[in-house]
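Next, two complexes with chain A in common: one pairs it with chain B, the other with chain C.
This part shows the complex of A and B:
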């Protein structure tokens, strides 16, 4: 199977609070000097793709849209995990773009890549969390769409996936070509690359395409731009009241406070 | 040209709770001077009652589409059914619940309609001619304010971010819309719905106890269940325990999991990094029990206990039992 996995690099979402800041000029998170990682669920998506390749063979290509200078680590990790090839659409504006604009560029890149059976991406990005790229890619590529896919159940004959739902899950039958937006699951925890794979990864092909080239081939399709007026940190008015003493004393104090608050 | 259209669903037989939450968002858009209608999609005898519920909450016109394929999870069937419905309603603003189906439908609808799009909104309001939507970003650390001027506009609203509005009954009317959907032609189709055994009504519970990575394994949840049972509450989890398979995925609270707004939330062994906070920040009182005094959960908790849950929770159980005289 030909699988393309879309990866996005984000500032580490587990960054300590003191390092989190919004740049008033861009109304986006400050990236300077902050560690970058592959967006959480994109890693799960890559793991699902690699497991599928292990199972039935095929090729896994990773595609990323972002400043090429910063993408190296993500690409090397993906190739070390087992992806066969990488494409970087070099776009310094990417951190400012919203999902709709990104989907348009990714779709153009996917068309240029040629045929594929499946496109996998994270169900949401760890930073902007719009949850739109998967469904918008499906529309742009006239492909089937399932979001919150936790695992691929069956792949011979019909493609059957498990989708996380509010009260459990659904088994969904999908007809390729399909875009699957993946969520985390006990079955798709990202593998750690072995040292020898890190070495062999250096020989795998990495293509860099300037965004202007890709944009030139992008369609006008998709949702319209919206304005981001501002990004603000909410007022944290709550100050934590710490209850001290040994566990027995802490428990007693908590019960007391909860009773005062009429919660017990 | 139409007005605001609430995409209401009754895919499990009865009107979804989030459909009524959307009616609240529609009310917030009243300054735009648009009429509010609803598209009601589902199947079965419950649809009549669902339409009545919408009229009871102030929606005058309900475009009802009843089809056997409009059941749990059938996003492609919903999209197919919306075609004739929206051709009839011609809305300027579409409100969709960001639930399992809505998450897939809203962006795809926005693409097909060439509409402006804002997803996962926690607040929607009108400002002159524009729609202002707010949504959580950066794992819940910040709030983004978006302005949508172009029409049509599609907004998906996070379930439980808003309350169900008070009833405001109107004499409504129902327009039935016929649609034919070829089951074989649906690119994605639900073959089976599997419900997981969840603690009772995690989203409805007034007291919720959440367990995190700090519990060390599934056994820790037994203690939490005991405490929850004594307090009449439900048990949930942050992402690591569900990813590790310690508890079912439906127990997950946080951005990909459920958003909860109980009167009391007790976070045990949860560091409180980003996403989980987004799912619980609406709780009235948050208590955190964690070994690490620097854990981010303490920045949102009202009451904090720095300690080992293996000692604190049994002590709590003993105290509550004492209180209850059991």
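This part shows the complex of A and C:
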């Protein structure tokens, strides 16, 4: 089975809030000087792909859209975890692009890649949280799409995937080619690479395609579906509220307050 | 001169940092308060390739260089110096001498078992009368019926309780001092080797430290490691690498002190201000950061020299001396900065304080490191 995993590099979401900044000119998050990591759910998607490869064999290709110069660590990590090869669509504008434009370029890159049975991506990116790339990619590729996939249950005969739903899950039968937008659960916690595999990852093929070549295949650029006018940091305020009464009354009042705040 | 780590080194650092943070750090305090061998962690470390870091891939190892080793050791020690001790002994004191001095048969027999964690190894040099004076080894090796027969007592053997393989130094020749010593690969299943006293220690408690007894221990002739009578060369070369590993351990402990102090200085309020607003605290943190960086650079330099195949005895000694004294000093400052909280077991800094002390003692005390460095300075040797 040929599996392609779309990986996005984002500024490490675990950085302290003081390192988060907006560039007023581009209205985008400042990336310079911040460590980049593979977007959280994309790593889960890679893990699902690698588990599938461990079970039935096949090939896992990782595909990333971004400045090639800054993609090295993410690509090497993915290859060290067990991916077989990588394609970098070298696009210095990638951090400015939103989901619809990205989906169009990724679809073009996938067409150029040719063979694939499954395309996996994270259900949302850790920075923009748009949740559109998976479905738009499926639309562009005329492929089936399942969102919020946590694991692949069965592969012989039919492909059965688990889709997380409110208070349970769906089992969805899918016919490849399909796009799966992956969420996290305990079964797809990303593996740590073996140190030996970090060294041998260098020997695996990495193809770099200039975005202009890929964009040409993407056809006419569509209208800009979303325009970001302004990005602002949320204001954080803290205030302290004292509850009176005996412990029983305080507990009851606390529960009521938490319910009012929709925290319970 | 390039101070940047390579992409591989950065990824190895990130992977081991994550392993240490998620799988070692959460149990580090418990392993200290209720000392026991962390079998699951060591098995996990083995599966990631951390028990045979410098062993070539043809022998089942990771095939990394010495710089990667110190990067890994710092990350492990930042989480638990005890766990890291177990792993650094395997890499630096057991795999390394087999790699450098072993025959092809010895490498094929032992390295795959050690690199995959199937076997743990230990290093038996110290004796009751041979501590800092390491070449005063009294354990005897005699040839009998085409075999070697070993008799003696070895002390302070890290991993000795769990190890399946021991590298034992014994006097095989009548010559005194360094000249009469040979090194042997002794499997625990050989007749005549046993574990004696199990020591209770101040720190690094989850690693075992034991006495190893050799009573007419029969060792096949082919288990001589290196040339006959050349054991001192094996021991001293091994200790160069071992000291670089200890330096990395000390840097890891010191970094733990700094990171915990920074968090505490930001969170803790006194006199209506966070601790970090006091200049005395700022300067303490600045000094810590500076000394840690200096220690790390000396450690990297020593590892780099050894990777090039250059002699690095004095540089390894300098790295260990500076790093271990930095760790002890940083731990001392950390306990003070935490005040009462630094003295109780609810916070990890008292553990860092206890763990740091060993780095000034084992694999050559600070006094011995100064002796080695002064020989280089005075006599150029």
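Convention: the second predicted complex is superposed on the first by the 231 of 264 C-alpha atoms of A that agree within 3 Å, B and C clash if a C-alpha of one lies under 4 Å from a C-alpha of the other, contacts with A are read in each partner's own complex, and residues count from 1 in each chain.
Just so we're on the same page, a contact is a pair of C-beta atoms (placed from the backbone, for glycine too) under 8 Å apart; a residue touches a chain by one contact, two chains touch by 3 or more.
If you're wondering where the values come from, they're calculated on a predicted model, not measured in any experiment.
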| item | value |
| --- | --- |
| Which partner, chain B or chain C, touches more chain A residues | B |
| Touching partner for A:247 - first (chain B), second (chain C), both, neither | first |
| Partner chain(s) touched by A:23 [first = chain B, second = chain C, both, neither] | neither |
| Which of chain B and chain C A:72 touches, first, second, both or neither | second |
| First (chain B), second (chain C), both or neither touched by A:167 | first |
| Which superposed partner A:128 touches (first chain B, second chain C, both, neither) | first |
| Partner chain(s) touched by A:264 [first = chain B, second = chain C, both, neither] | first |
| Touched partner set for A:230, first chain B, second chain C, both or neither | first |
| Of all residues in chain A, those that touch chain B in their complex | 13-14, 16-17, 20, 22, 27, 29, 41, 99-100, 123-124, 126-132, 135-136, 138-140, 143-148, 150, 160, 163-175, 178, 183-186, 189, 221-234, 236, 238, 240-243, 247-248, 250-252, 254-255, 257-259, 261, 263-264 |
| Chain A partner contacts - residues on chain C that touch it in the complex | 7-8, 10-12, 14-16, 18-19, 47-50, 53, 57, 61-64, 68, 72 |
| Interfacial residue positions of chain A with respect to chain C in the complex | 72-73, 76-77, 80, 192-196, 198-200, 202 |
| Contacting residues of chain B [partner chain A, same complex] | 72-73, 75-76, 98-100, 103-104, 106-108, 110-112, 114-120, 132, 135-139, 141-150, 154, 187-196, 198, 207, 231, 239, 242-245, 249-250, 255-256, 258, 263-264, 273-275, 285-288, 296, 298-308, 311-312, 315-316, 318-320, 323 |
